[in-house]
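Presented below are the structures under discussion, each in the form of structure tokens.
After this come two complexes, each holding chain A, first together with chain B and then together with chain C.
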Partner chain A sequence: MSRQTAVQPSVSWRLSDRLGLAMAWSMGLLFCLVCGAIVAYLLVQGVRYLHPDLLWTNPRVASGQNDTGGFLAPLLGTILVTSVAMALATPIGVGVAVWLSEYARPRPLARVVESTVEMFAGAPSVVLALFGVILFRASFMGFLTEKNGGVVYGKGFFPAGAMLSLLALPLVVTSVREGLRAIPNHVREASYALGKTKIATIRRVLLPAVRPDIITGSMIGAGHAIGDTAIIVILLGDTFQLQGAGGVPLLGTLRGTGSTLTSYVFDNAPTGDLNQPNKAFAAALVLLAMVLVINVLVDVFGRRTREQKWT
Partner chain B sequence: MAIDDGLLLLEQEQGLSQDQRAELWLGALVCGVIVLLLAMVVFILAQAWPSFAHNGLHWFGSGGSVDHQIESIFSSANNLHRPIYTFHAWPLIWSTMLTTGGAVLLAFFASLFVAIFMVEFAPRPIQRVLEPVVRLLASVPSVIYGLIGVLVLVPFISNHLVTQSENASVEPVIQLTGGSLLAAVVILTVMIAPIMISIFADGLRAVPRGWLEGSLALGVNRWRTFWKIAVLSARPALVAGTVLAAARALGESVMLSMVSGSVGFAPNPADGLIFLFEPSRGLAATILHNTDELSSPPMEHTLFAIAAVLMFSALMLSLVGWATKAPFRRHFLVGGVAGGEHR
Partner chain C sequence: MDLITQPPPVRQLEPGSKLTVRPGRSNAHIHELDKAVFGDSARPGIISADRDRDVVPTLERMRIEQLSISYGAKQAVRSVSLPVRQGEVLALIGPSGCGKTTLLRSLNRLTELTAGAALSGRVTLDGTDIAELEPTALRRRVTMVFQQPNPFPMSIFDNVAYVLREQARRKPRRASLRPHVEEVLARAGLLDEVRDNLDHPALRLSGGQQQRLCIARALAANPEVLLLDEPCSALDPQSTKVIEELIVRLREEVAVVIVTHNLQQAHRIADHVAFMYLGELIEYAPAGALFSAPREQRTKEYVSGAFG
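Up next, the complex of A and B:
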């Protein structure tokens, strides 16, 4: 963006204007200060307490902070539950975005779909979590979670991932829709002129073109899903270790319960059940690093999207 | 309509083209998403009904201690013939209103000025650092904000701001441990400000450069130009950012349950400044606080009633946002939030 190069002295301005300018500067600098303080504090505290072996050991029940182990299980849990969420949210989100942008045929339906997506974006995550509680307690959903003598437990990676995917869905939809909107119509028309059907055009022309948007959208969604705590605490069971259900290796783990870094931090904060601030800081730093990596990836892919030019 | 036609064709078993089938599948997916939302609303309202039915409008009123009510609701599960539902949620509602309102108000003014600074007045190096930092802060998990709050701000308030005499004056009712309305509002402000800033800044950036240059060419100074033209024409973005941030603040449960003191108490502004140090607990935080008690049916109905109120407030919020933006739609840059076109 171009900037004014000529610097005006603000001495001659009206008082209200100068006040406004001073306000903008002071607020801006205050914000920088707060940001710097937060990041520095987390870095210092996190690095002080983060040992590599924390990443490789499972949490244990013990009395002292030295004996309670690390957070391998929560770390794996975070990765697992986010993968489940994105595996659900990405295809559904792309489907909804494509329908909204390319078909949207009964107009009222399209408007309803738009507001539905918006509703999911605005829904508090505790509400989604409670919805998950009812949904996955139903007996026909029983195959997804552990059962105990006919009673469906309703907690595990599938329920938590499914509800997190609802949290991520609007972000994927928005990003993909924006990408599709940026493709000029003549690209579609060129494809039709070659005799391709609409769905073939979508699959062979439009979707490859919006691939960076799909990746960006699901990354932003994953960033949201990683950070959520309420759904995890309510739906994942918040158990110390990954407790698989049934014998099949990965599927059993996914049907079982576990915890994530967010719930680990929540439990280890002074207000939580465990109260080990040192562990909480270390886990928070790891969590922050994951969010940072995701942000950088979004930036990289976002830049690639912007470089793409249609002529 | 297209879907009905399609279904008709399907029944006739005349080979559908691949194209039509694809449209049907996508339509079905989209309808599935709508059904999911409807299911959420219906299920939650159905589960919430006993609590509302029993209390009527008194549900929203005050009276008695919320925490005691929750306890007796929970333990009434042992005697399912006479479940207790009496629940007066006013302290929780009031806490949510105070924290959300206070944080949105504070964050709005701060974010507006920060966004102006970032887009127009900041020197290049600061600008280049600030933009990614804002985006990072907007995606920091709320539990991390909660952790910082409970380990830094809460002890600070309890050690330096709350005096002995203040603590003694409320001794019979509550304890001032530092987990307070003030901590909740401050941390919530820090949490939602980056969301507002990034949306405000996108809106401000999307204002066509020519409009600003026209004003500058008339000899209007830089601040006045930006304030009168960029900020005014970015109003839809201001509304959008505020609504989004307010929704986030409303639904925030984890951070608030950590720093707000977690006591079902309604801080009373009539008490003077001390109300800032009084603990409270919002609606969302109450659900999280009591999730272990979902096993008790009366408690479950009560928690779902709280969720229903939250859901309804979120819906109202997005309606208000939509209604506020609607008049701008004809005259101003609605695409302002999307940005990009004018860069």
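Up next, the complex of A and C:
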């Protein structure tokens, strides 16, 4: 051999190795193919049925697919419920991550918190939804949702957002905790060595340092929350339009029921109650686009802020 | 000196007197190297063979008395007594694990952050036992610079202003902080390079600039003592030279204690050198004397490169 190369040509490999390589290649290609097919199909179907006015009009009850309106209310519902979820998940997640990384005393409690967070990460959302129903039907939670003759139904943006936040929480915690772990200990000590307390160090040095991780974590969490259906169907009411509870404008809406793009697709899928595939595909495309935009943002943002770190 | 039960052999310097250090062989060779690197413009000064710089008046700031520190069963520092004076650079040298960094960290009670650290003996700052001081107050008077440059992830200005902002009850205005920030940056020899970029992120500076910013940050609280833990070990020779010159200049305003693995560096910048081995203080002497005529056998072996 004239030259030794790090990668041997696969021709010289044993048959089993070559078969393995071929398998790896074909599986990878197959995966890309499936993924591409889904996107392409959605794109074709979605673009065909997605008219701009679908975004501006509310759903209506009608017989033909041409008369049932658009999905303005579900689109707003998605944005609203995700905002509620992230408004809860981001601060709580950052708090949990800081406690786990910087305090974590007593140890047994820290271990319990850690496994709880992991449990939420793996819990089926329908289980969380069921738990949410029990919780928000309790009369002391009645102020959060619309009441009908004193009966608390426990459905609305607050309950749905609260349960969705549990879905997003582990992603925020993991991201922020990794960010905190990546900060060398001597940076903390540098702050202590200037006469700073632990609290001041966390507020002024550590939290600014993990700001990119906070943003990344909440965006990934939001992407996760946007896509959930079970919690929406069970806890948001899955109504045609936003049905505010009255009173203060935004607060009333949040206390009331509504639907999201996911529940809209769920209802309009060929197997759903309404069976309007055209609308389902159009809404699914919008949903997919939202998630893709979030992923791209995370990627771009992550790459831009990773450049400056300590050695 | 009578407070120290085992007085270290300190050569008392008369203020204003001139300390002439006999050049060791290794030192002359450094000067040659230096000339080769920096050309003939290499200033005879800190990095020069015949180091007869002015001796500035000294003032004792800290006194370490019979200090022992242990982590669990492991004794890191054994009954060390040393004076720390403003007007001179005290270098702690010795092989890895000899306790010099632990000793340094105990001077502003950073050792307390390590679980299981136990301490006996006494350290005083201007006559007060540091154990009686509030740790945060002590650490503003005895600040520290670390081995790795570690500016905070904020602007250059905010890094220096960090100390001033939190210790004030009401958040001071930026404009009112500016003169002090600039003055401190000037003392750290960084102002000319960053004057127009005070709002730039500190982590974009070069390694040497970052370390000088860390020194500026440590000076911002107007400390009495500045602790340096191998401040140049992560830097290139040119940045090292700049920082060494800075340290020598700073010793007139603050007492400087530096831990270093680099014997040449200790020789270049220190006025007094303490050689530690296995937690014990083996020898404490003026830098020239310790390197050219060590009294202890182990010092001789270490300085000549027999171990470490």
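Basically, the second predicted complex is superposed on the first by the 300 of 311 C-alpha atoms of A that agree within 3 Å, B and C clash if a C-alpha of one lies under 4 Å from a C-alpha of the other, contacts with A are read in each partner's own complex, and residues count from 1 in each chain.
Convention: a contact is a pair of C-beta atoms (placed from the backbone, for glycine too) under 8 Å apart; a residue touches a chain by one contact, two chains touch by 3 or more.
Small disclaimer: the values here were computed from a predicted structure and weren't measured.
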**OP:** Specify the outcome, clash or fit, for chain B and chain C once both structures are aligned onto chain A.
**Re:** fit
Subject >> First, second, both or neither for A:208, with chain B first and chain C second >> reply: second
Original post:
Between the C-alpha centres of chain B and chain C, what angle is subtended at chain A's, in steps of 10°?
Top reply: 110
Original post:
Which of the two partners, first being chain B and second being chain C, lies in contact with A:178: first, second, both, or neither?
Top reply: first
**OP:** Scan A:195 for contacts with chain B and chain C and give back first, second, both or neither.
**Re:** second
**OP:** Kindly classify A:275 by the partners it touches after superposition: chain B alone (first), chain C alone (second), both, or neither?
**Re:** neither
Subject >> Partner contacting more residues of chain A (chain B vs chain C) >> reply: B
Subject >> Touched partner set for A:126, first chain B, second chain C, both or neither >> reply: first
**OP:** Have a look at where A:21 lands relative to chain B and chain C in the superposition and call it first, second, both or neither.
**Re:** first
**OP:** State the minimum pairwise Cα distance, in Å, between chain B and chain C in the overlaid complexes.
**Re:** 12
Subject >> Common interface positions of chain A, toward chain B and toward chain C >> reply: 197, 200
Subject >> Interface residues, chain A side, partner chain B - complex >> reply: 1-4, 8, 10, 13-14, 17-18, 20-21, 23-25, 27-28, 30-32, 34-35, 38-39, 41-42, 92, 95-96, 98-100, 103, 105-106, 109, 112-113, 116-128, 130-131, 133-135, 166, 169, 178, 197-200, 202, 220, 223-224, 226-230, 233-234, 262, 265-266, 269-271, 277, 280-281, 284, 287-288, 291-292, 294-295, 299, 306
Subject >> Contacting residues of chain B [partner chain A, same complex] >> reply: 1-3, 17-19, 22-23, 26-27, 29-31, 33-34, 36-37, 39-40, 43-44, 47, 110, 113-114, 116-118, 120-122, 124, 126, 129-130, 132-133, 135-137, 139-144, 146-148, 150-152, 179, 190, 193, 197, 205, 209, 216, 221-224, 227, 244, 247, 250-254, 257-258, 262, 284, 287-288, 291, 294, 303-304, 307, 310-311, 314-315, 317-318, 338, 340, 343
Subject >> Residue ranges of chain A in contact with chain C within the complex >> reply: 184, 186-187, 189-197, 200, 204-205, 208-209, 308-311
Original post:
Inside the complex, what are the residues of chain C that reach chain A?
Top reply: 108, 110, 113, 135-140, 143-144, 146-150, 152-154, 162-163, 166-167, 201, 203-204, 214, 217-218, 221, 227, 234
